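Labels for the chains are A, B and C, by order of writing; each one numbers its residues from 1.
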Amino acid sequence: MTDALLSVRDLVVEFPKRKTRLTALDQVSFDIRPGEILGMVGESGAGKSLTGAAIIGLLEPPGHIASGEIWLGDQRIDQLPYEQLRRLRGKRIAMIFQDPLTSLNPILTIADQLVETIQTHLPLNDKAARARAIQLLDEVGIPAAEKRIDDYPHQFSGGMRQRVVIALALAGEPELIIADEPTTALDVSVQAQIIDVLKRMCHEHGTAVMLVTHDMGVIAEACDRVAVMYAGRIAEIGDVRQIVKHPQHPYTQGLMGSIPSITQQVDRLVQIPGSMPRLDAIPSGCAFNPRCNQRLPRCTQDRPDLITTDQGHVACWLYEGATP
Amino acid sequence: MSLSVRQEYPDMKQPLLQVQNLSCHFDVSKPWLNRVIESEPQRFLTAVDQVSFSVNQGETFALVGESGSGKSTIAKLIVDLIHPSSGEIRFDGKILRETRGEAFKTLRRRIQMIFQDPFASLNPRWRVGDIIAEPIHAFGLATSQAQVTRTVEELLDKVGLAGRDRHKYPHEFSGGQRQRIAIARALSAQPDFLVCDEPTSALDVSVQAQILNLMRDLQDEFGLTYLFISHDLSVVKHMADRIGVLYLGSMVEDAPSEQLFSQPAHPYTRMLLDAIPDHEMSGRRRKPVTGEIPSPINPPSGCTFHPRCEYADTLCKEQRPAVVTHNDSQVACWAVEQARIPVKGLQSV
Amino acid sequence: MTDQTTPSTPPTNDGLVRRILDSDLFYDFSRRPIIILSAILTLVIILAAALAPWIAPHTPFDPSTLNLMDGFTPPMQPNAFTGNLYWMGTDSQGRDIFSAILYGARISLLVGFAAVAFAAILGITLGLIAGYKGGWVDTLIMRIADVQLSFPAILVALLIFGITKSLIPSEMQEQAAIYVLILSIGLSDWVQYARTVRSSTLAEKNKEYVQAARLFGVSSIRILARHILPNVMGPVLVIGTIGLALAIILESTLSFLGVGVPATQPSLGTLIRVGNEFLFSGEWWITLFPGITLLILALSVNLLGDWLRDALNPRLR
């Protein structure tokens, strides 16, 4: 925890409802080290986007952090007053959303938006800020950046817009970027390019990234480590190669097997029966137990916490007693 | 109504679906008055441009392409939701638009569709039983209400749901379950041919696997023929016997699935294969992908792929390549035709 | 392969009352005292109006029961000559104001509901056709709507009222008055429904369930009636509620201006007009009580409509 840039400890996010409270995130803990890309993967409703929103303080009411701590370096940020948190955003933590159109103001030129962001966070005059903006656009691969900087967002294609959004996120030289499904809205042939840009830029600038996605391909391409989320909890967290090649949690195993392979032909895909439970009907014990093909008797009663194995951390009773 | 394997069409020689030089233009101009005032010409979008292919009985033909490739437009053209500007679609030798009366109704029944978004494809105000029974009533496939109920329950069972689910409303089901309901509804028309327009792209991967497996099982059981439309090459590889690759409304390559993946000919096909993320971290060798799809309203001249193509020369910029048949595959590319690109195991005929 | 793990929601056929009491709408309702009050007031007025012949202490429009000596009795004071006590006093003819209000609200509500129903049916039908058919049909219907919308509703209603009345022989005017009123208020108000239904129809008709129905060869009329109509009714309910308040006010306005229902069958508006003549001679109660009733009724219905609009709008929740 000492060398971590972002440290999330036992984070619980709740949504009060009429009669009950829905626990959308339950005891989520993980670290991101400086310059590291951590993938958050899971199916819709697993809580991966919510984790990002909780870190940056953008939970939609009535959702709120019920307990747990979020540390950015040595500053605790989950209890910051609104104004301080607002200043933190963009400067120390930046955000990249799924749809580049919603992150860009349609009536301002790219130059206006970039220069404003740069000047908000860095003490630069107009000329220097513009030069920095052009440099950033150039770095993210916008051809003829000096000319295109005065264009409006609608004059860019989808992929180019997402590049601009990446430049915008990097403008304040943040320590952490939370990227929420940054490639989902893009065409396949553009996705690969955007992943490349994000990966390259963050490595060059030493920025840590929390990459939220449902796409295992994106994870395998971009991340150093992966957290697999299921029903508001982390099922497994570890090195990306380890998780892709040797998944431990039965859910991760099923998830990996259910993706059609390009290199081998199988007759039937591995399928996990059923679907993820809704938040108001999470089973007792391990949330995955009704769908699990390796269920033990205790899985229906006791909830497993993350167990450290020699290959990472996994929340599954199968690994109880495994030597770390 | 029996749900047994259908063997009405034992003749495997004639393709079940033949599409010939199919084109579809959309008028995307501004309203007439605006055009007159701003003195702008009418503008057309060529969504589908001279596309030909055929699908054999019992096989799965996949159309892949990115946005603007015209794949969804082709789906709608085939099921007659929109009308082509030119070209013809023959189903079982007959042109749907030229048949009338009972023959039309039968053809229409035999071609059904599964839609992309299971949240929009089921009427939220209808009970599941009524949704599935709609085609049965519309095509007069049952003689009594008891028979309708029995068929609906059988179909629900076939797609992995319970018969009593017919009393529920769509909102009580998850995305994957809704897609099962949509499949049951399509099957209740007793079709031979299913057009599946991105049937799993709105679903999570683990649910996608369930639906793909189900579709395969049903294909075996009912002898269905699929036209499978997707942007996801790995899904297509899993499902298809033959694959057509579309780029900006044109078919650039049409080859048997295995051949397409092992010996891709067209530069765009190669690019698409290189763009598939290596989720298994197998260390597959790939070239970096460049460029983006141009606007279909004002497509590039000649071969529409030439601005992104590393093999493009002046001929590619000026003239549209013709479709050339090699072995079992069809490719529309000057560079392949003139043997400027090496294609593994491909000899010009 | 069965999705056993997904929580099975309770079966849907466990009683309508249970379902209403369990709904989010009812929960929201139960936490808003002003809305509950509005609902109670509306309900009380509607019930009282519907049951007027049985609960009214007098039959104010039967001349044989009237006693001129009772005229101008102030509220809650015994009449100087007869000693009769009236809660809300009497008018110049000795009519009981309370009873007159009950009967008046009956007419007002009848005209209001009928006008809303007429406007809704007309507007929904035209909106469905315009939205589904598109092209010149759509253009024609919506241009007519635009033109009508550029005139104030009261003017349109007056115009239609005038034209229709001139077409009816004078001996039938008395009985036909109420129908003419319903027609003119309804015709002045259909645009709202048509516009809303048209835009919802435009959204619904491109949804895949409609396309699926077209694949089965289902006819346009059946698609409109069975598929699209049930899915566009939500906003109509809201407009209808607010429209009811507007229709009641419009009716009162017309009656106040003297072009509405005849004085022999007075509505709330007619009562206010009649009472208005005595306002400056000190008999304030004759116009005040019908006025307050109209205010409460219109306000309550309007508040209910506003609440319904917000509660049914998923984006505001």
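Heads up, the rule we're going with is that a contact is a pair of C-beta atoms (placed from the backbone, for glycine too) under 8 Å apart; a residue touches a chain by one contact, two chains touch by 3 or more.
The chain lineup, named per UniProt: A = ABC-type dipeptide transporter; B = Oligopeptide transport ATP-binding protein OppF; C = Dipeptide transport system permease protein DppC.
Keep in mind the model is a prediction, meaning the values are calculated, not measured.
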Practice item. Find the two chains joined by the most C-beta pairs in contact, please. Key: A-B
Review point. Farthest chain from subunit A, comparing Cα centres?
Key: C
Check your understanding: How many Å are there between the centre of subunit A and the centre of subunit B, using C-alpha atoms for each centre?
Key -> 33
Revision key, fill the gap. Per the C-alpha means, the centres of subunit A and subunit C lie apart by a whole-Å value of 52
**Study point:** Sites on subunit B at which at least two other chains make contact
**Key:** 174, 176-177, 210
Review point. In subunit C, what residues contact two or more other chains?
Key: 1-3, 6
Review point. Which subunit A residues sit where two or more other chains touch them?
Key: 273, 275
Exercise for review: Note which residues of subunit B are touching subunit C in the complex, please.
Suggested key: 76, 79-81, 105, 108, 111-113, 115-117, 120-125, 134-135, 138-139, 160-162, 167-169, 172-174, 176-177, 182, 185, 189, 210, 214
**Study point:** Complex contacts: residues of subunit B adjacent to subunit A
**Key:** 66-67, 174-177, 204-210, 212-213, 216, 231-235, 237-238, 261, 271-282, 284, 288-293
Review point. In the complex formed with subunit B, which residues of subunit A make contact?
Key: 43-44, 157-160, 187-193, 195-196, 214-221, 240-241, 244-245, 254-263, 265-273, 275-276
Point to revise | Residues of subunit C that touch subunit B when the two form their complex | key: 1-3, 6, 8-9, 11-13, 207-209, 211-218, 227, 230-231
